[in-house]
Amino acid sequence: MENENRYQRGLAKLQEIDGEAGERVVASLEDIAPDFARYLIEFPFGDIYSRPGLDLKSREIATVAALTALGNAAPQLKVHIHAALNVGVTRTEIVETIMQMAVYAGFPAALNGLAAAREVFDYT
Amino acid sequence: MENENRYQRGLAKLQEIDGEAGERVVASLEDIAPDFARYLIEFPFGDIYSRPGLDLKSREIATVAALTALGNAAPQLKVHIHAALNVGVTRTEIVETIMQMAVYAGFPAALNGLAAAREVFDYT
Amino acid sequence: MENENRYQRGLAKLQEIDGEAGERVVASLEDIAPDFARYLIEFPFGDIYSRPGLDLKSREIATVAALTALGNAAPQLKVHIHAALNVGVTRTEIVETIMQMAVYAGFPAALNGLAAAREVFDYT
Amino acid sequence: MENENRYQRGLAKLQEIDGEAGERVVASLEDIAPDFARYLIEFPFGDIYSRPGLDLKSREIATVAALTALGNAAPQLKVHIHAALNVGVTRTEIVETIMQMAVYAGFPAALNGLAAAREVFDYT
Amino acid sequence: MENENRYQRGLAKLQEIDGEAGERVVASLEDIAPDFARYLIEFPFGDIYSRPGLDLKSREIATVAALTALGNAAPQLKVHIHAALNVGVTRTEIVETIMQMAVYAGFPAALNGLAAAREVFDYT
Amino acid sequence: MENENRYQRGLAKLQEIDGEAGERVVASLEDIAPDFARYLIEFPFGDIYSRPGLDLKSREIATVAALTALGNAAPQLKVHIHAALNVGVTRTEIVETIMQMAVYAGFPAALNGLAAAREVFDYT
């Protein structure tokens, strides 16, 4: 029952944060790893993003920063730039977050992050 | 003159953010790469952290997130956990930011980030 | 209730795999992030390692390979070299797995992985 | 002569593991770095994969795990998902290995690994 | 004035090193982060590449090595393979640099670096 | 015989480049993975560093750049800073190479690389 709660809470949080993009990620897992779709809803969204103690805007800034710095997960970076906009982070704040990553992960990481942001902004 | 401004602005920003820890980093470069100490003040602090458009709390959350996710820069992560506290990020917000990195960079990255936070919290 | 099951299942799996080393990791989180200790038991051990479809020996080989290749999580690599021994992976198989990482992540990653293995073997 | 042996042994092992995909990698190097094609056959395949002490199934699980975790070598990950199938790793075992990487390298790494697996499975 | 000098010095250095490719990178930032275009000219090119103490050929070898090893910045690797040719690094030296990265970052990193080199060589 | 040649050529090259530090690395592998010591001599040193087409100074600059950028192999970075000095790279050139990595892998990578250089310079 508690786990049913986690799932429902995670699903609602995923929709609040990612909207349709989140649903597409989940749907894309149906054929190959349906249980992983469930874990994705339960742990990141039902557990982590549902926690008090850090507001959603700050959580998305943290995620955009980390994925820009890692530089090896472009699809997820775009989903979370979109998610950041969804929860009220401004375009300026997103661009500032990505630019700052030049300091911590180098200029190429920031340049590729800005290219991802441009793609998301163009379709929003 | 403008570059003099960048340096002075960067030095003030470094002291505002990192306090003595920032000064120690700069001092440690004097013997081996004094110009790099200057660049460190000018670009990250004089240029990036001095920009409007993203508040300092959010900037430190972004940096703690990125350094936790990268997982290969423990000394700088500790400096920025300390800096985050300095600019008003709470211990809870720091712990939440680091925990969230389990989702984006794995549990070991988050565990090592929490170990860094414990070290900083113990001496603060 | 199901989540209670996840926790209990995870705790049993953690003890089966990591023995005391796992308990020390959990204990070390008590002061700073007790909820993270719970997530660590629930998701990696209650969900992932408890799944059928891949035997525990193969799971530990996968983990030792990944942590050697990433090269930025020495404490967790040592825990899992120990765990690999616990679930029946031989010293030879561990050394072969780590050596193979020279091909995928370079010789330094493999050398540092072998150094971790030596430390674990010496205390086992 | 011994090196001739390494080359022949490596070529046979490459064909056993990767089949035509391995040959295509080697052929693609002919114009730009033919010696590198030779090293690729000799060291990874003639030396490492030809060693006793770890069976080929476990070796491919280790490689799929590492390349999923690193997240920056999609072409090689696909070659080795194919190779894993070739040496008898089941689709289920491959999916389990990749899902487990969410624990060690984050959910984006696992999601991108599953996308690579789907591509390989669709053409097999 | 000094900063005006940095900008002009950086612009001249960027054109010397990257030619039109550098201008395209700068132009691509105009809509989304024009200040970042300025930083890119000022810090990497106006400060770092303009320093005495290491010749431009060695600087480009260092950059090609690093970007090949990191393996997550293909567009920038191609720009710098082109830049290396521009400042007098031979094709052979570029290929040797990339091949050597197999030792430090694994064979996939080197293979993907060679693929980038082939693309640049084909259009040069 | 050819392989005997590779080994002898690699051993001579290792001694030329790394001196005693290289011998210590090899000796440290004797108990845990003696074959890996042989591979380390044969492939990186017997094959790669023995190739014409890129001089040893440039090869060490490339290696110092890559290991600084990767940021997860401090022991090997120190060995190669020492090796760079051995083959005629100046302290200034080493410091310049490491500083430049701030552009491609961020300021923390460069700061930790400079700390490694200071340690090596102090004992040389």
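Chains: A, B, C, D, E and F, in written order; residue numbering restarts at 1 for each.
The rule is simple: a contact is a pair of C-beta atoms (placed from the backbone, for glycine too) under 8 Å apart; a residue touches a chain by one contact, two chains touch by 3 or more.
In this text the structure is predicted, and so the values were computed from the model without any measurement.
Undergrad: Which chains are shared contacts of chain D and chain E?
TA: A, B, C, F
Undergrad: In contact with chain A and with chain E at once: which chains are those? Just list them.
TA: Touching chain A as well as chain E, we find B, C, D, F.
Undergrad: At the chain C/chain D interface, shared numbers over all numbers used: above half (same) or below half (different)?
TA: Copies use mostly the same positions to touch.
Undergrad: With residue numbering as the guide, point to the option in A-F, A-E or B-D that repeats D-E in over half of the contact pairs.
TA: The chain pair with the recurring interface is A-E.
Undergrad: Among the chains, which is located farthest from chain C on the basis of C-alpha centroids?
TA: E
Undergrad: From the C-alpha centres, identify the chain that is farthest from chain B.
TA: The most remote chain is D.
Undergrad: Counting only Cα atoms for the centres, state how far chain B is from chain E in Å.
TA: Centres of chain B and chain E (C-alpha means) sit 27 Å apart.
Undergrad: Report the inter-chain centroid distance for chain A and chain B in whole angstrom, where each centroid is the mean of the CA atoms.
TA: 23
Undergrad: Give me the residues of chain C that touch two or more other chains.
TA: In chain C, the residues touching two or more other chains are 35, 39, 43-44, 48, 51, 67, 69-73, 76, 95, 99, 101-109.
Undergrad: In the complex, go through chain F and note every residue touching chain B.
TA: 70-72, 95, 98-99, 102, 106-112, 114-115, 117-118, 121
Undergrad: Of all residues in chain B, which touch chain A in the complex?
TA: Chain B residues touching chain A: 43-44, 48-49, 51, 53-54, 57-59, 61-70, 73, 76, 92-93, 95-97, 99-105.
Undergrad: Provide the residue numbers of chain C that touch chain A in the complex, in ascending order.
TA: Listed in rising order, the residues of chain C that touch chain A are 1-4, 6, 35, 39, 43, 47-48, 51.
Undergrad: Show me the residue ranges of chain C that touch chain B in the complex, using the header's touch definition.
TA: 25, 28-29, 31-33, 35-36, 39-40, 44, 67, 70-73, 75-76
Undergrad: So in the complex, which bits of chain D are touching chain B?
TA: 69, 101-109
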